[in-house]
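Letters A, B, C and D name the chains as they come in the text, with residue numbers starting at 1 for each one.
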Amino acid sequence: VGDGLDAMFGTEKMAAIFSSSARVEAMLRFEAALARAEARAGVIPNQAAEAIAEATRSGGFDAEALHREARTAGNLAIPVVAWLTEATSEDARGHVHWGATSQDAIDTGMMLQVRDGLDALDEDLIAAGMACEALATRHARTPMAGRTLLQQAVPITFGLKAARWLSLTTRGIRRIRGIRAGLPVQLGGAAGTLAALGADGIRVADLLAEELGIVAPELPWHAERDVVAEIAAAIAITAGAMGKIATDVILLAQTEVGEVTEGVVEGGGGSSTMPQKRNPVHAPAVIACARFAHAAASVIESGLAHEHERAAGAWHAEWRAVGDLFVSAAGAAARARAMLEGLDVHPDRMRINLDATRGQIMAEALMMALAPRLGRGEAHRLVGEVAARAAAGGDLLGAAAEDLRIREVLSEEDIGRVLDPASYLGASEAFVERAVGGFRALQAGRTVTA
Amino acid sequence: VGDGLDAMFGTEKMAAIFSSSARVEAMLRFEAALARAEARAGVIPNQAAEAIAEATRSGGFDAEALHREARTAGNLAIPVVAWLTEATSEDARGHVHWGATSQDAIDTGMMLQVRDGLDALDEDLIAAGMACEALATRHARTPMAGRTLLQQAVPITFGLKAARWLSLTTRGIRRIRGIRAGLPVQLGGAAGTLAALGADGIRVADLLAEELGIVAPELPWHAERDVVAEIAAAIAITAGAMGKIATDVILLAQTEVGEVTEGVVEGGGGSSTMPQKRNPVHAPAVIACARFAHAAASVIESGLAHEHERAAGAWHAEWRAVGDLFVSAAGAAARARAMLEGLDVHPDRMRINLDATRGQIMAEALMMALAPRLGRGEAHRLVGEVAARAAAGGDLLGAAAEDLRIREVLSEEDIGRVLDPASYLGASEAFVERAVGGFRALQAGRTVTA
Amino acid sequence: VGDGLDAMFGTEKMAAIFSSSARVEAMLRFEAALARAEARAGVIPNQAAEAIAEATRSGGFDAEALHREARTAGNLAIPVVAWLTEATSEDARGHVHWGATSQDAIDTGMMLQVRDGLDALDEDLIAAGMACEALATRHARTPMAGRTLLQQAVPITFGLKAARWLSLTTRGIRRIRGIRAGLPVQLGGAAGTLAALGADGIRVADLLAEELGIVAPELPWHAERDVVAEIAAAIAITAGAMGKIATDVILLAQTEVGEVTEGVVEGGGGSSTMPQKRNPVHAPAVIACARFAHAAASVIESGLAHEHERAAGAWHAEWRAVGDLFVSAAGAAARARAMLEGLDVHPDRMRINLDATRGQIMAEALMMALAPRLGRGEAHRLVGEVAARAAAGGDLLGAAAEDLRIREVLSEEDIGRVLDPASYLGASEAFVERAVGGFRALQAGRTVTA
Amino acid sequence: VGDGLDAMFGTEKMAAIFSSSARVEAMLRFEAALARAEARAGVIPNQAAEAIAEATRSGGFDAEALHREARTAGNLAIPVVAWLTEATSEDARGHVHWGATSQDAIDTGMMLQVRDGLDALDEDLIAAGMACEALATRHARTPMAGRTLLQQAVPITFGLKAARWLSLTTRGIRRIRGIRAGLPVQLGGAAGTLAALGADGIRVADLLAEELGIVAPELPWHAERDVVAEIAAAIAITAGAMGKIATDVILLAQTEVGEVTEGVVEGGGGSSTMPQKRNPVHAPAVIACARFAHAAASVIESGLAHEHERAAGAWHAEWRAVGDLFVSAAGAAARARAMLEGLDVHPDRMRINLDATRGQIMAEALMMALAPRLGRGEAHRLVGEVAARAAAGGDLLGAAAEDLRIREVLSEEDIGRVLDPASYLGASEAFVERAVGGFRALQAGRTVTA
């Protein structure tokens, strides 16, 4: 349902790409390119192709009215072709939509919208990635508690966390570009044989793809929708990846954790009743958007069971679901970007939280320091005992220093060194570098839409 | 995504019920009722309640602007309460939203929209049911092939098929009315304790429910969303039931079956390339709508895992998903209605199809005629053999009449009688009567919104 | 996939109810009851009914072998009926499965399994409810931070939180009992007309329902699966409700929150590498189970679009999905129960967390104390300012006491009283009582399966 | 739920790959490879690595018992590592699981199972593809009705239909191989920093990947599950593609269409009551399997919102869902293969159906024959009129021949030639060749698991 919530769970840019008029325009781009391709193949006169292309650019259609007619006609191509036929000069109009079927116009039009949608998403993801990169770089050595099953585990750095967000974003962009490179034209005619174009069918399809700058597929794919399902999955996974980042932000922003807050915007994050509240605003929206994208993708994927040469229902569901998918994904990416760009990070709270268990978070480090002598299993058991004693009231350092078996291996000074979080960050920095490197390679290679 | 496709996959009426301005108005209805309830409970002055109620009716808000502010604020209640505070006369404005939290306004407002939505759906379903009833009654004795696993099975009547569609519709209406009767108000204050209302909280909640004509729940349900998930499931199942009817229509309308066609509307069901085409138009839209409703319900149901006293994301997702759900369900019901009201039924083709297998469809009848003498298992085996012989070239009557074991039990005349589809319709008519009776009881008992 | 994970994500009891042999046995229960009903209706001889019933109790079948045959035959009823026919004494075997079709046996059998499944679930939910009740009662006055959007909001009690878990559980049980009361028999014959039973069909269906203790529906529902979809939705929502409880437990058990821990079981909740770890064990399993249940319900609900008189695929999917649904829901309920029964609650940490913001959590209370004099909006603004000042370094009490506008309304002593969490718990206790009352009414009314 | 239905909706081979014991073995393969990698990196002694590897091959574990322990422990790695430690000779056991965490073993083990699963799926898909190829080649010139929206559209060939099934299968195989090539090892240690391995972490991870023959990822992906979600999507889409083929088969096998039948297997496709029935058996199972795969993928994809460094629930859900996904997909592929290999094709019925509309299916051909002279729009309108006249009683040839405007352009002989389906098959044969070519390239390039 389109309404004021669009601003909350989408972007204006993406909404415009999948608007009623953009849908009609994309179909008209198909019709113009088809005519040009047919002219190049000698199927229709050059002049006709020019006249048709001109009519497609005339802009005189009423997108909402065409959609209303589509409700009765059964699909949007019927009124669009009728309008274009009227809009084309009389001598050329006989060549409009030559040899094509409604689905050719609708599917190819959709692919053109998808291409624009992928480019818009790419932009937001690049921006989100830049925000992740900045956080990763700035905090490459900022220690914080790593948490598994929401329990403090061992130290990590905030830079590493941001680097992992970046790696998700990088893979999302790669996924999107992979999809973009393979977007196929649809041209099969009435039932996928290209019969109406006689011997020229495949040639026209190839030229059409060339005209539009998308791929000529091996076969028409009228009823083989894995093509669309793959796009859907890629987009939904990418939106879901943004949801992971938002989940982390919400958890880190908890009152009791307090390691990040969403940047304060005038009038943002308040409560209608609680004066003290600074609620996360972007992060919940990202999570909601990821769920919408998942649902839209699910509609598309459940439509794989197309009937015969064109489905009665599953195809129709795509018309709406593809737009919902992209708008939701755009919402996820754009608001993740805003969340990341404004994120306030609190290294002091990270430090406090690291120390909150009085050393428990360093139990693995202590175990690994003992393991070469005691064996891993025995060291695990021993440190487990010591940690339990410490948990009952005290710190791990003290409890360890009092344990004779430990003291046989480590001096009190050794133990102190072992229990320093900063000494136990492993490959965190190297991973930050890798993630940044991967992203930068991607930024460099960006292909921009003409 | 709201756009021209709304006309295809929804209804204007339902879109209006879940529009931006209707959302704001429902929240204002909450605020007015809250003020009245608080005045009745002696919590705020009567005059203040009147002034607040007056301001809610003033209509001077810009719904889209409020939604834009909500993007920053985090939820819609914040700007709505701010607007209402401004719009209320100075002496009373201090009592606006007294003791409530954003979620109270948003959730109760949503329930008011849901109530309107259920009523609108009820109307479309009653109309769809009437169309089913007419078909069931008119064709109570029209024999056709029953089909299991899409293979001809035994004869049924078209009336029985329509009666089963009616029973689905009847149960859908019952489901919706059951939901409607239990819609709960939300009033819990900041975290569900009603603390800001001191000792008056529960009393105010009861009066608020009375003011709005919905139910006062045992406890606030801020984070216990089974309430919303149940609504979602009921609506999605009802939309899915419409999808079953549409599936049957599409299958019956196949060129090779030809037993029904969607009524011809000027400009409807054509093809942009095939001049002869009379495509189903409503049925595919019903199927698409059912899938959208299922997806929206899935988003809502996956949000059951609300965090603590209010979720960060799962709650936000409801804001959009509930409207999507109802608009899609309305599309399913309204287009099913249109499909059923205009349905052309072809008893002649039903007869031709019944006869197409030259008696095979009556194999069970023959088995049951032999079973009292031969036993069911033996009769099944024997008729299986005879049917296979007939299938190889001939009709079942002939093959049966030539079989000596059958002729020991049945004369040729008996066999002829047994193989008459009209003699083997069982309880079809009784079931039609039952389905019609169930629906009429429902029509009579309809409760209309005040 | 059945394997060792069953122990983790299900219960043995429920797995047994939906096992291969239980499936066959439920179908045999149908066949025995059908024979008895037909004998009572005078359709088959009494002796035949007795012999058939005896054979169904003989137990000599190989459930796995019958399932393997079903793979070829197309459904399980075909080999089961063949086996039963063989197992029945010769004079009676001719009356086995009289007038019925495979789907009658499969669907009714499934309903009998569902009844057993609902009863098993009821038991686990009652036990989970008792654990909630104990927590709610014990902690009815234990204050803790209420949290919205994972930010501290206002105080609640842990008793209220447990009471809300209890209310979810209570509604789940009500839902399940509502479903149980309406489980319908399936008897329609080959395509839902009961033609093979001639004039006796409806009478036999009624008697069959009586024999089995389930409901005789208005019409057969071979292809109208809203019946099954409603069961699925009810179960999935109930499993999802358990997921909400588990989500809260995981969040409360976070190292930085520490308000509850899952009871320590020998060998439980450790880590293969971190000696100090006490991970939640049940709660993650509950969440996983809730998601499995949701997915299984989604498969069932997407099958509403049944074709004609029996679906080719959607029906088959139910065979597995219904068992998956119940086993997952049983896992959710049983492990939620174990989690709740063993839950360690830490009121001291609750108190520490309540105080952690140095009064910010009481900002609404302060606002409401000022609102009668300043108006709610003005009080909100003023307390917002004061809270921001306090947040910069100090406590709310001090900041409020220093604010002249506040001091015009409240003395320092007043402010201290207002900022005491224990004074701002609203209806928490009353809600606990309500939730407990609702649950107890349910316990009393429990109907146990014969 | 594992039970007799596994035979119906899965394959034994895939069930074995995802069985309890295979799960344990895959984890042991990880532990052995980790030890070898660490020995190569000089982290642990060579002898220790050999002893550990030997213990992993000893086979003395009880997989079900380990799974039961996992229920209490929280994950399977804990008891597996404990068992392996015991099973390893005393001097080496101190080096078991060195520097790793449970998730490293579980995730890498899962990837090894996934690799085996992909290979098994590849085999079934290749076989399904070969069956498609045979059908496509054999029927490259067998004309049949193309059907859009389940209405006859224009002629196609059965070979083209099978070629499109083949293209789906080919793309599925490509997708699976793409996934297989990128399967990543998991090695991050407790929270993804590799801290327990000090400076050797990344080197060990690289060597581990080499040992196992899978990819060393840029970063550990403990909580970045797009990796798993992509696998899930690829598999579910491929299963869904099989569902499309099955849908077509069911529709073509309808009594009234009769263009294909599933090959008769002794005891297959019957009915417990209807002696004449030859139901599709494989196709419905394929459809059910595709839906199960979709549901399992949805569980995985909804788990993208992992919390922090390891999720509490979403990760656990993968343990079961990945196996469900692969087993269902194997069921889809294996039964699609069986369906295709045994498919009986009836060109005679295809011809009869082509002629059933007395020429209407050739309306587009007639339009295109007139379009060069009349223009496409005018020709469409004119043929539409003529087709409607013919539909009212007569054939298109006659109606066209009587129409003066048509006769101005075409002689009666021309019209007859235009209306011959065999003359209007377009690129059907070329498309068959393309699809076969694409598949053969794939067969040639098949990489087989060592």
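The rule is short, and it goes like this: contacts are C-beta pairs under 8 Å (C-beta built on N, C-alpha and C of every residue); 3 or more make two chains touch, one makes a residue touch a chain.
Computed from a prediction, not measured in an experiment: that's the story for all the values here.
A.B. asks: Strictly by the touch rule at the top, which chains does chain A share as contacts with chain B?
C.D. replies: Chains in contact with chain A as well as chain B: C, D.
A.B. asks: When C-D is set beside A-D, which has more C-beta pairs in contact?
C.D. replies: If we tally the C-beta pairs in contact for C-D and A-D, the bigger total goes to A-D.
A.B. asks: Please work out the Cα centroid separation of chain C and chain D, and write it as a whole number of Å.
C.D. replies: 33
A.B. asks: Mind checking the centre-to-centre distance between chain A and chain D? Centres are C-alpha means, answer in whole Å.
C.D. replies: 24
A.B. asks: Among the residues of chain D, pick out those that touch two or more other chains and give their numbers.
C.D. replies: 74, 97, 101, 147-150, 153-154, 189-190, 196, 243, 246, 250-251, 270-271, 273-274, 279-280, 284, 287, 291, 294, 298, 302, 311-312, 364 - these are the residues of chain D that touch more than one other chain.
A.B. asks: Can you check the complex and tell me which residues of chain B touch chain A?
C.D. replies: Checking each residue of chain B against chain A gives 1-10, 15, 18-20, 23, 63-64, 66-75, 77-78, 81, 97, 100-102, 105, 189-190, 196, 243, 246, 250, 265-274, 279-281, 283-288, 291-292, 294-296, 298-299, 302-303, 311-317, 319-321, 323-324, 327.
A.B. asks: Over in the complex, which chain D residues touch chain B? Could you list them?
C.D. replies: Contacts found on chain D: 145, 147-154, 250-251, 253-257, 270-271, 273-280, 284, 302, 353, 356-357, 360-361, 363-364, 366-367, 380-381, 383-384, 386-388, 391, 396.
A.B. asks: Name, in rising order, each residue of chain B that touches chain C in their complex.
C.D. replies: Interface residues on the chain B side: 74, 82, 85, 93-99, 101, 103, 146-150, 153-156, 160, 163-164, 167-168, 171-172, 175, 189-198, 201-202, 218-226, 229-230, 233-234, 236-238, 240-241, 243-244, 246-248, 251, 287, 290-291, 294, 297-298, 301-302, 304-312, 364-365, 368, 371, 374-379, 424-428, 430-431, 434-435, 438.
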